[in-house]
Structure formats: structure tokens, C-alpha cells
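In what comes next, chain A is part of two complexes: it sits with chain B in the first one and with chain C in the second one.
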Partner chain A sequence: MVKSERKPIEEIKDSIKGYKNILNIGCGGCSSVCLSGGQREVNMLNAELNTLFKAENGSQKIDGYTIERQCNAKYYYDLPEILLNYDCILSMACGAGVQLAAEIFSNKPVFPAVNTVSIGIDRDIGMYEEKCRACGQCVLGYTAGICPVTRCAKSLFNGPCGGTNGGGMCEISNEIPCAWHDIYERLKEQNRLDDILKIQPVMMWQNQVQRTTIQEPYKERYGK
Partner chain B sequence: MKSGSNLEKVLEAGHFAFTGEVGPPRGSNVEAVKKKARYLKGMVDMVNITDNQTAMVRMSSWAASLFVMQEDLEPNFQMVCRDRNRLAMQADILGAYAHGIRNILCLSGDHQKFGDHPYAKGVFDIDSIQLVALIKKMRDEGKFLGGADIDTPPKLFIGAAANPFGDPFEWRVHRLAKKVEAGADFIQTQCIYNMKKMREWIHQANDMGLTEKTYILAGVTPMKSLGMARYMKSSVPGMDVPDEIINRLKGAEKKKQAAEGIKMACEQIEEFKEMKGVAGVHLMAIEWEHKVPEIAEQAKVLPRPVMN
Partner chain C sequence: MEISNIFSSALLYNLARGPLVWISFLVFFAGSIFQILRILSLTKNDERIGIQAKDSKNKKKPAKEKKKEAILSWFQQLKLTIVGVSPIMIIVTTVFHICLFVVPVFLLAHNIMLDDAWGLSIITFSEKTADILTIIFLATALFFLLRRLFVGRVRSITSLYDCFIWIIATAPFLTGFLAYHQMFDYRTVIVLHMLFGELMLIAIPFTKFTHMFFFFIFRFFVKSEYSLGKGNRSWY
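And then the complex of A and B:
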């Protein structure tokens, strides 16, 4: 899922400083799952902000409302009426959710309260690891299920560079395992080293323009 | 001849090649480049011009190469994948060749994190093996990567790097094989201190027939001091400095450590001259260009062959 983390309180406060009535919209999707912007985090952030507002001038106020998913317009049904009472929106959804909120409520300023970090996995509660950069041309088939685009600091496609050191760690840090070292070891174990002995041709990067995905069964419906 | 570069001629004629290295300045100081080049003139067959090495901004490699050429020294234009996408690479290759550059070395590049702009966006559009294949395609097929014809293809002698010491060791010779298959005419290795591993790697390369398809130049960097040796051991990625090197420098008086470092380098060079599969030495005297004449003399690689 998409992983995000909350911005520093000062940055959030600064972004909404010109507005009196603010609605913080949480997201019940990925932000909620990764503990950055679900209902609980909306309440926590608002409590913090309202305390600061009170201490400073008392003229600003923030309320919260969390919808099921901010990346789909059908979950926005309650919001138009609620928003009549607010000057601006703070969104705790990922970048996609923030943009859809901004598109739907184009007459209201929308500010992000989180930084969208990655597509990743849950390593433990509150600990997430980036796994995919959505390059659009998945190579995991020949890399033993380890993504070189994401995990290799140089996004190499033809094996580990000369910097691998200290028992298979990346040159950028002795605490980061070398992706290609891991690919090599796993392929060796599976007796599939042939997969990386071939020269991999250059990537045809698919993520250089905004992409719209239409699944096969829907192509006719959308006239594609 | 693929390129007609001096290095190619020296190697084709069967001479033991001896190449050097010059790091461009952190500024537009032309004299700084020329001064370094003058120390190397007549001492080496060709000189590598590094490309934003350690990810620090420097005068561009191709530009410094042109100043080196003005000093009658043949440059080896280094190109890293970190700073250019495939368009910029091909454009610089054409420009470099048009200006008379005949050798190129394809590298991944040190990660930007190590340099003075750690939050730069690393390009890494293509990797170093793909870059070798790209240049070969431009030279031999006269085509851009995108497939269009090139008016006057660049005839370059294509180099690549190899590190016999990175993990996993048994992979290293296969990576070399991929570079050779991609089209590397010559290979310059990482600085070698672990001779035992080097012998083993070269042995593997010989067994796989790789040394018949490419010229391998062994990388040598003389230690200037015990401090440098310790730094190389602990802080330089992919470097393998055995304790015996450290101990030997420790055994020398502080004032004599540099001389000991040069002596060790010369002993290595002597061994490489005899090592089957090694076609020459690449001397990386880092910020020690003025010592190159002394090292070349002591290593008995002078005079350099004059090719026509």
C-alpha cells in the first residue's frame, strides 16, 4: 500500500495560518493503515493544533472528518454540505487523495498534512519499507522478486556495482543490504543465475508521463 | 582498428600499457588541468579524466579532456551514469568524438550521497553495461539507441571498470563477462591491494577466455601514508586493503611511508607485467600527479612506445 508520514507540525500550522475554520479530512485507506492519517491521527493532529491556536490567538479552529477513501469521489458525498462552514481543507490522505479533494472542491484551498513516501510493506507495527517505484515495467521475474529500481541506490539492471562491501551491503550505507547481492544469493539458491548472466537491455521508462490505467474488461466502456 | 586511439595501438602492438589519471579542478582553472597533465606527458599512454568523481562537482570530463589534448596527451573521457540520461550521454559522446577524443570509460558513478550535493536526483537512466552496449551500437552500427542513423558515427575505444573485490566475489568474473559481451574493448580495474584475490580473479577471467576478448589494465594506487591506507580500508566503497599493507606501512618511519607506498606499487607493477591476462597497468596517483614520473621510472615502464 501507499505509505505516508505526517509533516512537521510547524509546516502544517504555517500552511493554514491564513484561515479561520479549517476542516481536516482523514482517509480510511492507506493513510489509516500506515497510521499517518486515519481518524485517530486526525484527532491527534487537531488536538495539537487547537491547543496551539488557543495559546496563540484563539481565532483559528480545526475540526475533523474522515472518509473511507480519499482517492475515490464516491466517498465524498457528505463533504459538500459540511464544507460550507470551512475556509480551507487540510488533508491527511496521500498525494492522490489530496489531489482528488482539491479537484472536487476546487473553490477551497487544500493543504497536505502528510508527505507521501512510498509503495511499501508493513515490516512491523508503525514500520514500513519501500518496495516499489511504480516504474510500469516490472522486472521482478528475473530479479528473484527483489526490485532493483527501488532497492538498488543506482537502479542497476545488470548486477551489483563495484561498491558492494562489508558482506553484501550497499556502498551508501553499511546498514542497507545490497539489492543485487540479495538477488544473486536468492537466484543462486533457486539455481536461476542464468537469469542475470544475460545483458538486460535499457528500460523503457513508463513513468515519465502521467498514466491512466484502464483494465482490459473496461476498455470498451471507456472507448479505448 | 576500432578507434585508432594511442591506447588501442599500444595494446594491439602487444606493449604493456601504462595509463594515468587526472581529476579536473573544482573550478574553471585551466592551468590546474594543464599543470597536472604536464607531469604525465611522456609517462603514460593515455590519461583518464574523471567525471565528477566522488560525486563532487568539477570541471566536466570532456572539457578537461580537451585541455589535456592541448598538452599532447591522449585523454580517456570518463562518463558516469549518475549525471546524464541517454540523450545527454549520446550528445556528449558525439561532441567528444568530434573534438578528437578517442577513448571513453563507462562507469555507474559513485552515489550522489557521497558528494557535495547529496540530495541531487541521481539519473541512472541506463546502467554502465548498457552504456557500453550503447556506445558499441553507435560506433559499429552507426545508430543511436533509438534506432536512427548517425551522420559520422563516433569511433571510440570503449572501456569499462571492474572491481574484482566487491561482494559476492564469485559474481565478479561474470560481471566482467557481461561487460565484455556488451562491447568493452578494455577494462580498468579498481585499485588493487589484495593481490591474492586479484590473481584468482584473473585466473577465472583467463579460464573463461575473457582476457582474449578484452584488454585488462590492473589498477594501482600508491599509498601516500598510513593514514591514507587506513582511510581506503575503512571508508572507500568496494576497496579491499589487506592488513599486510597496513602493517608494512606501519613498519616504515613516518617520513618514509610515501617511499614505501611507491615501492609497494612498483612491486605490484612488476608482478602485473608477468601476470597472464593482464595487458597493462592503470596508475591512479590521486592528487599525486607530480610523483608519476618518479613512479614510472621506478616501475621501469619508460620510455613509453611511440605509435604512428
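And then the complex of A and C:
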């Protein structure tokens, strides 16, 4: 799931400077689950901002509204009418949600209140670990379920660099395990070391275009 | 035999003030221990994960620095919780639960029996105080009943079981109040009071009343986004 974290309050305050009536839109999807931008976090941020506005004797005011998911236009049905009373939008959704809000309400400025950090897993309450960079070319089947793009500091696709130290740690820090060392160990444990020899084509980072995903059963419907 | 005669009969009276008291206390204590152990066995203490070494931006800030940076006062933060969202509900439920616990424990009549039986003397409320607290308890219980009947979102999740639980919780107080004020046939009312009290004790470990223990376990020992404190148990 997409993981995000709230931006520093000063940055948020600075972005909405100059707008009198602000609507903070929360997201009931990933942001809510990772405790960064659900209804609870919207209320908390608004209380903090309103306190700061009051302290500065300013006339700024922020209200909140949380929708089911900000990455799907069908959940925006209430907002056009509500937004008539507001000058700008603060969004607590991930980057995708912010962009959809900006696309739908193109006449209103939309500012993000969270930083989209990763696609990750829940390690514990409020603790998440990145596991995927959404590179669009998954090699986990050959790498024993360990992502070299995410785990390797250089995102190497075909084996380690020369910087792995003797203890199986990365050259950038002795605290960080080398992804390729771990891949080797796990493949060995599973008797699949042959997989490590299969050369993966390099990532086509250049000339990339914005990706659209259509699931196979829906290609009939949308594909041209 | 009329129903009032059954409740005022010597047999039921002696049963209610004798063996049933022991049975209900035994079931209450044994059931409560069983439930607490059951919940503890369903959860386990997690090893705390430390990631500071891996990621320095996640370093814990000293309390002093955190306090300095805080924009909201503790009261403003409290207002963001259920206390601020439903203040009346919080006040009523707090009063209800305090009365539910303190009235029977510190009631003069109960403590005289305790003194007579085991020579155990604990502080007691004056009769007038206990009477007022009972009235307050009954008023808050009525609030809950009206809420269940007339607030749509609460009514939609209310079943007969909830009404049954409400009756078990309220009846000992109502009958105790009636007995103290000698309303209706005293013998019948006092037998009903004892029976309802015993029923409540027996019901605590095996019905929704278990929240009496589970509240503290879930909020203080099991970790969740709504934990109060640093409980480190998680579900298997």
C-alpha cells in the first residue's frame, strides 16, 4: 500500500499562505491506513493550523472533509458544492490523489499536505517499510522475493556491485544489508541459484511515458 | 401460587442471601480470571523494533523538545478525541460507570453485611450520598435507554441482547432504591434485588460486561492506534 507522511507544518502553512478559506481534504484509503491523512489526521492538522492562524490574528480559516478515496473521481460527488465556499484545497492524499483533485478542480489551487514516501508494508503500528518502487518490471520471481530496485542502493538488476563487504553489508553503511547478498542466500536456501544467472534486461528509464494500467479482463473494454 | 408470593417465600429469600451469593461470587471471580487469562493467551508481547540506526530522521525526540514544538495544548488535543466529539456522552458514561462501581462497593447496607460476616470494615458513603448517587446512576441509565431507542444510528445496531444487558445492569440499582425507600412489598423487592445483583455478577465474565476488564487490557496492554500508553502486545 502507498505510504505517506505529513509535511512539516511550516511548509504546509507556507503553501496555503495568501488563501483565506481553505478546505483540507482527507483520504479514507492508503493515507488513512498509514495514519497520515485520514479523518483523524485532518482534524489534527486543522486544529494546529487554526491555532497558528489565530495566534497571528490572521483571517485564515481551515475546515476538513474526508472522502472515501481521493484517487477515484466517483468519490468527489459532494465536493463541488462544498468547495464554492473555499479558495484553495489542501490534500492529505498521496501524490495520485492530489493530482486527481487538481485535475477535477482545475480552477482551484491544490496543495499537498503529505509526502508520498513509498509502497510498503506495515512493520508495526505506525511503522512502515518500503518494499516496492513500482518500476513496472518486477523481477521478484528471480530474486527470491527480494526487490533489488528497492533494497539495493544502486537499484542493480543483475548481481551486486563491488562494494559488498565481507559481512554481507552494503558499502554505504554497515547497518544496511546488501540486497544481492540476501538474494543469493535465500536462493541458495531454496536451491534456486540458477535464477541468479538469468540476466534481466536493463530498466528502460529513458524515454519513459506516464504509465496507464489496464487489468487484463478490462482490455477489451478500454484497449484501442 | 402468585408470583409475588414466590419472591417473598422463605425458601427463595434464604437461597438468594445464602448459596446464590457464594455461587455468583465464585462464578464472577473464576470467570473473570478465565477471561483475563484467555485474552492474554490470545496476545503476545512483541519485540520492540528499533530502526534509529537505519534511518536517523526517525530518531526519537527528547520530551522537552517535543513539548516545545507542540502547537496544541493538552486540552486542545483532548478536544480532538471522543471527549470533544461527544462531550455529553463522555460525561454521562463516566458518571454511569463510576456510580456503577462505587455505589455497591461503598454502600452502608452492603458493608454492614461484610462487617457482620467477616469483620471487614471499609469506608462507606452516608445513606443520603448513596441514595443521590443511585438516582444519578438511574438517570444516566435512562439516558442510555433513550439513546438506544431514539438515536437512529444507535437503534440500528441495538438488539434484544442489548436491552437484556441494560436490564441486568440497571435492575439491581432500581430494586435497591425501591427497597431502601420501602416501596412496594419489601420482601419481594429485596429478593429481586439480591437475585438481580447475583445475575449481574454471573453475567460480567460471559457477556458484554466483560469490557470491565477488556477495556483496560485493550487500551493499556494491546497496541493499536487507539492505545493509551505503551502496551506492546499484539494479536497472534
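Criterion: the second predicted complex is superposed on the first by the 212 of 224 C-alpha atoms of A that agree within 3 Å, B and C clash if a C-alpha of one lies under 4 Å from a C-alpha of the other, contacts with A are read in each partner's own complex, and residues count from 1 in each chain.
As a convention for this text, a contact is a pair of C-beta atoms (placed from the backbone, for glycine too) under 8 Å apart; a residue touches a chain by one contact, two chains touch by 3 or more.
Because the structure is a prediction, the values reported are computed rather than measured.
Student: Can A:Gly162 be said to touch chain B (first), chain C (second), both, or neither?
Tutor: first
Student: For A:Tyr184, is the partner it touches chain B (first), chain C (second), both, or none of the two (neither)?
Tutor: So A:Tyr184 only meets chain B here.
Student: Who touches more of chain A, chain B or chain C?
Tutor: Answer, by number of touched residues of chain A: B.
Student: Name the contact category of A:Thr51: first (chain B only), second (chain C only), both, or neither.
Tutor: Only chain C is touched by A:Thr51; chain B is not.
Student: Under the stated touch criterion, which partner chain does A:Met204 make contact with: chain B (first), chain C (second), both, or neither?
Tutor: Neither partner.
Student: In the overlay, answer first, second, both or neither for which of chain B and chain C A:Ile172 touches.
Tutor: first
Student: Can you give me the overlap between the chain B contact set and the chain C contact set on chain A?
Tutor: Chain A residues touching both partners: none found.
Student: Give the list of chain A residues in touch with chain C in this complex.
Tutor: Counting only chain A, the residues touching chain C are 9, 35, 40, 43-44, 47-48, 51-52, 123-127, 175-176.
Student: Contact residues on chain B for chain A in the complex?
Tutor: Touching chain A: residues 81-82, 86, 108-111, 113-114, 122, 124-130, 133-134, 145, 161-163, 166-168, 171, 174-175, 177-178, 181-182, 190, 237-239 of chain B.
Student: Residues of chain A touching chain B in their complex?
Tutor: So the residues of chain A in touch with chain B come to 153-168, 171-172, 178, 181, 184-185, 193, 197, 199-203, 205.
Student: Within the complex, which stretch of chain C touches chain A?
Tutor: Per the stated touch rule, the residues are 46, 49, 51, 53-54, 71-72, 76-77, 79-80, 223-225, 227.
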